[in-house]
Structure formats: structure tokens, C-alpha cells
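Going in written order, the chains are labelled A, B, C and D, and every chain counts its residues from 1.
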Amino acid sequence: MMLKMSLAELRAFLVCEFPQVSDEFEIVDVAPMELILCLRTGDRHLRPGGTVSGPAMFSLADVAMYLAILAMIGPQALAVTTNCSIDFMRKPVAGQDVIARARLHKLGRVLAVGDVMLYSEGQVAPVARASLTYSIPPSRG
Amino acid sequence: MMLKMSLAELRAFLVCEFPQVSDEFEIVDVAPMELILCLRTGDRHLRPGGTVSGPAMFSLADVAMYLAILAMIGPQALAVTTNCSIDFMRKPVAGQDVIARARLHKLGRVLAVGDVMLYSEGQVAPVARASLTYSIPPSRG
Amino acid sequence: MMLKMSLAELRAFLVCEFPQVSDEFEIVDVAPMELILCLRTGDRHLRPGGTVSGPAMFSLADVAMYLAILAMIGPQALAVTTNCSIDFMRKPVAGQDVIARARLHKLGRVLAVGDVMLYSEGQVAPVARASLTYSIPPSRG
Amino acid sequence: MMLKMSLAELRAFLVCEFPQVSDEFEIVDVAPMELILCLRTGDRHLRPGGTVSGPAMFSLADVAMYLAILAMIGPQALAVTTNCSIDFMRKPVAGQDVIARARLHKLGRVLAVGDVMLYSEGQVAPVARASLTYSIPPSRG
């Protein structure tokens, strides 16, 4: 399977379609069935104490998987999250960006399934892992 | 099992400890092992199209379960989310508040487990359901 | 929404289609979007110590949700489990049957979503809870 | 982190403690925080049509994670599954064994978290993936 959108196309798509968050997220790299996304953490992502909040990590995992799917099926599609199961394993390092590594395990006709590992920048041990399922509408193509 | 915090005490706790979000969330009611929380939806919770975003629903479910646990064990505790599995089932009604009904199924020494049903205000069919596990630190009591 | 299969029809279906397990499972009751299923626990469901095993509880939840869906869409369909998230909360009571209470929250064109509470017979506190998603093939009807 | 049990010790443990299933499961390899387990599929694991059943895959993932944890903390521990979220992605190849690749992401004082990829032997695309949380009792050591 090959990419339908390049790194540059994905970045342009993010700016166009999600201008309100495009400064928070940086698409670091993309490959077939894989994508790396960085959350530039700011005050709005932090809990008291300075660590990244659960909803901010959920959002990062969700956007990473969404972009990994679009990279494979193209920008016309309107994929929708149907399930996310997320394990919070360690407190993120205060003040650090968070890196998401998304892998697609299945890209079917109606469902896409993958998982995402989340890391505080510069750390080996993950702060969270998530598995996500997306529903892909029939009208694509 | 009895409540350790009344509705008024929970509301005061939310204002004191989470001033940045206390105007978004309204604690509607509390009972042993149950709590109802309302998200007063505003622009920051919405996706293009006017429906409430996935991260906003995740956040609502997470806060509802957190408050349901605190109501039972008291405000000194620092419970931490370890897992959330959320199913997004229907598009929320644009412009409507979202109601979360949280039920605790287990309140153990180290783990609390429960689920949350989410509804657009005035609708019978749920927009999402979530199950959550919290880790309760040993230092309580 | 109305039932497409009665309690008697569901019981006959179970005997016909799953003869190898039809003596383990008893369909106790069915209503629109709801079904109660009992696992008649035997040696093959038990762990050392006499409690029902995790795979046996998973299987009970899975069959309960499958039958709840068939009751609504009829026996011709070939629904397939795509996700199950299960929380094991308490040790089942040794030697007791396990009761599953399944509720469907969504019965869509391609996906059905519901949850199941599991109880040792005669107990109030649940031993486990599961949420399940089924994919419904397009060929039905 | 180092292994507390070698491959030979894990195999002996499986035969001793779980004689009723030790002929179904073969521990293929073990490394720190990783373990590979094979299900020797037999009639009792199969659905009509000859593919491995959901409960058999759940059981394989559960045992793989359990053994990966024991390899790190030693055989005295009584770890208990508290959550499993499993995605069924493809129909297993009929008549083939199923290989589970378990990775531990966190081995904490009270919780262990990891995931497992399941493959029909000889296939590249996974048939299922699972994430599991185990509770580790305080009495170890």
C-alpha cells in the first residue's frame, strides 16, 4: 500500500482544515501505515503541576490516527472515531512536548484500526498508549 | 456505602480546585456511587459543524467519574485515570449541552471502576459511552 | 424498535447453530435491545480454586451481545465482534452460575454497540463489565 | 530490567501450574518485557468454518501477557487481569496456529500494562490486537 498524501500535503491539509489547532500539532514524519505527530505543549494542555492533561493526550492520539488514515485514503474522506481505549501509564515530563507514534494495523472498507504510543520528548518509556477504531464512510472514492 | 461529600461540597471543590473549567461543568446531582454532570457547551468544545468534539466528551466522562469517586472517598484523595475505553455512537445535537451519567461499579482499595453514559440534552439515545478505571493512591485516610 | 425473534425462536436458534455450547448457555429473557443470558458453569469454565475463568466470562459477554443483536435483526445475519473491552472487577463466587445482562446502545447500519454486566447468581455487585462492538455485514435483509 | 525466569523455567512453570492447558500453549521465546507464545490450535478452539474463536484468542493474549509479567517478577506472584481491550481485525487462517507477541509497556508496583499482537502462523497482517492491564498483589517479594 502506498501513500496518497505526502508530508507536505498533510501539513497543508492540517493548516487549511484545522486552523484553530494547526499551531499545536506538528506532523513530524509519515510512511505507509505510520505517522509521527508532535504536540507542542502550551498552557491550555496542562494540568496544575505542569503535566499534559488526559484530554490533551487523547486528542493527540486521535489526531495522529486520523492523519495516518488520511495519508492512506486521501483528503476527501470523512473518517469518524468510533472507539478509543487509552492507557495512561506514566506522568508526562513537565514542560516537554509529547510525541505520538501511530501505526495502522488494518485499513478495511468500513473500519480502520490502529494504535498510538505517546512519549514525552526525549524519554524512552511511553506515557500512554491508545488503540483507536475509525469508521470510514462509504462515499469515498 | 455513604457519600463523604454533599452536592454543595462537590460544587465548592470544583470551583476551588479547577477554577479554569468550573464554569464549563455543572454538577447536577450526586448519590452513592452515582453522579450527573453537565457540560455547558461553548465554542472551545465544538468541531466545525457545531457538534461537541471527541476530546470534550472524553474530558466530560473523565471529570464525571473523578467527581463520583471523590464523593465517596473525600476530597483529600488524588485519584488518577489509568484506562478509558470510549465508544462514540452518535453525532451530538449541535448547540446542545451534554449530560454525563456516571456509575461506580467497584470502589476498591487501589482501583475504582465505573462507566459513564453521555447524552445530548433532551435526547433519549446516548451519544457516547465510556468505561474508566482510576488508581487510588495508598496515602488516603 | 421491535423484536424480530422471540425467546423461543432464540433458544431454538442456539440449539441448531451452536449445538456444542447450547447446554452451557440458557437464554433467560429477551426484550427490545436487552437480553439476559446465564452460564451454567461446569468444570471446563473453572480456574484452579473453582472460580469462573476470564475466557469463560469473555465468551458469556460475547454470546449475550450476539444474541441481543440477532433478536433485533433476525437470524440471517452474520454479525462479527470487532472490539471488546472488559473489566474484571471481583472474583466470581465459586460454584455459582454467572448471569449476563446485555443492553444494546446503538444498532446502526454497519455497527452495533452495547454493554454487558456480569453477576455471580444471587449477588448484587457485578463480577465484570464489558462493552462490545459488532460489525453487521451489508448483505442482511 | 532483567528476567527472573528463563525460557526453561517458564515452560516448567506452565506444565506444573496449568497442566490442563500446557499442551495447547508453547512458549516460543522470552526477553526482558517481551514474550512470544503459540497456540497449537485444536478442535476446541475452532468455530464452525475452522477459524480460531474469539474466546480462544482472548485466552491466548491473556496467557501471553501473564507469562511476560511472571518472567519479570518471578513465579511467586499472583497477577490478576483487570482489563482487556481486544480488536478483532481479520479472520484467522483456518487450520493454522496463532502466534502472540506480547510487550510490557509498564511494570509498576501495583499495575502492569502491555499489548499483544496476534498472527496466524506465516502471515504478516495481524488477526487481532489486545491491550491488557494486570493488578499485582502487594504480597510479592
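As a convention for this text, a residue touches a chain if its C-beta (ideal position, glycine included) is under 8 Å from a C-beta of that chain, and two chains touch if they have at least 3 such contacts.
Being a predicted model, the structure only gives us computed values, none of them experimental.
Taking the definition of touch as given, a chain qualifies here only if it contacts chain B and chain D alike; those chains are A, C. Relative to chain B, the chain whose mean Cα position lies farthest away is D. The centroid of the Cα atoms in chain A and the matching centroid in chain C are 34 Å apart. We define each chain's centre as the mean of its Cα atoms; on that basis chain C and chain D are separated by 24 Å.
Between the CA-based centres of chain B and chain C the separation comes to 28 Å, rounded to the whole angstrom.
Shown for chain A are the residues that touch two or more other chains, namely 82-83, 85, 87, 89, 113, 133. Chain contacts here are complete: no pair of chains fails to touch. Across the complex, chain B is touched by residues 17, 48, 54-56, 58-59, 62, 80-89 of chain A.
Here chain B touches chain C in the complex through residues 85, 87, 89-90, 105-106, 108, 113, 115, 117, 125-126, 129, 131, 133, going by the rule given at the top.
The part of chain D that touches chain B in the complex is made up of residues 82-83, 85, 110-111, 113, 133, 135.
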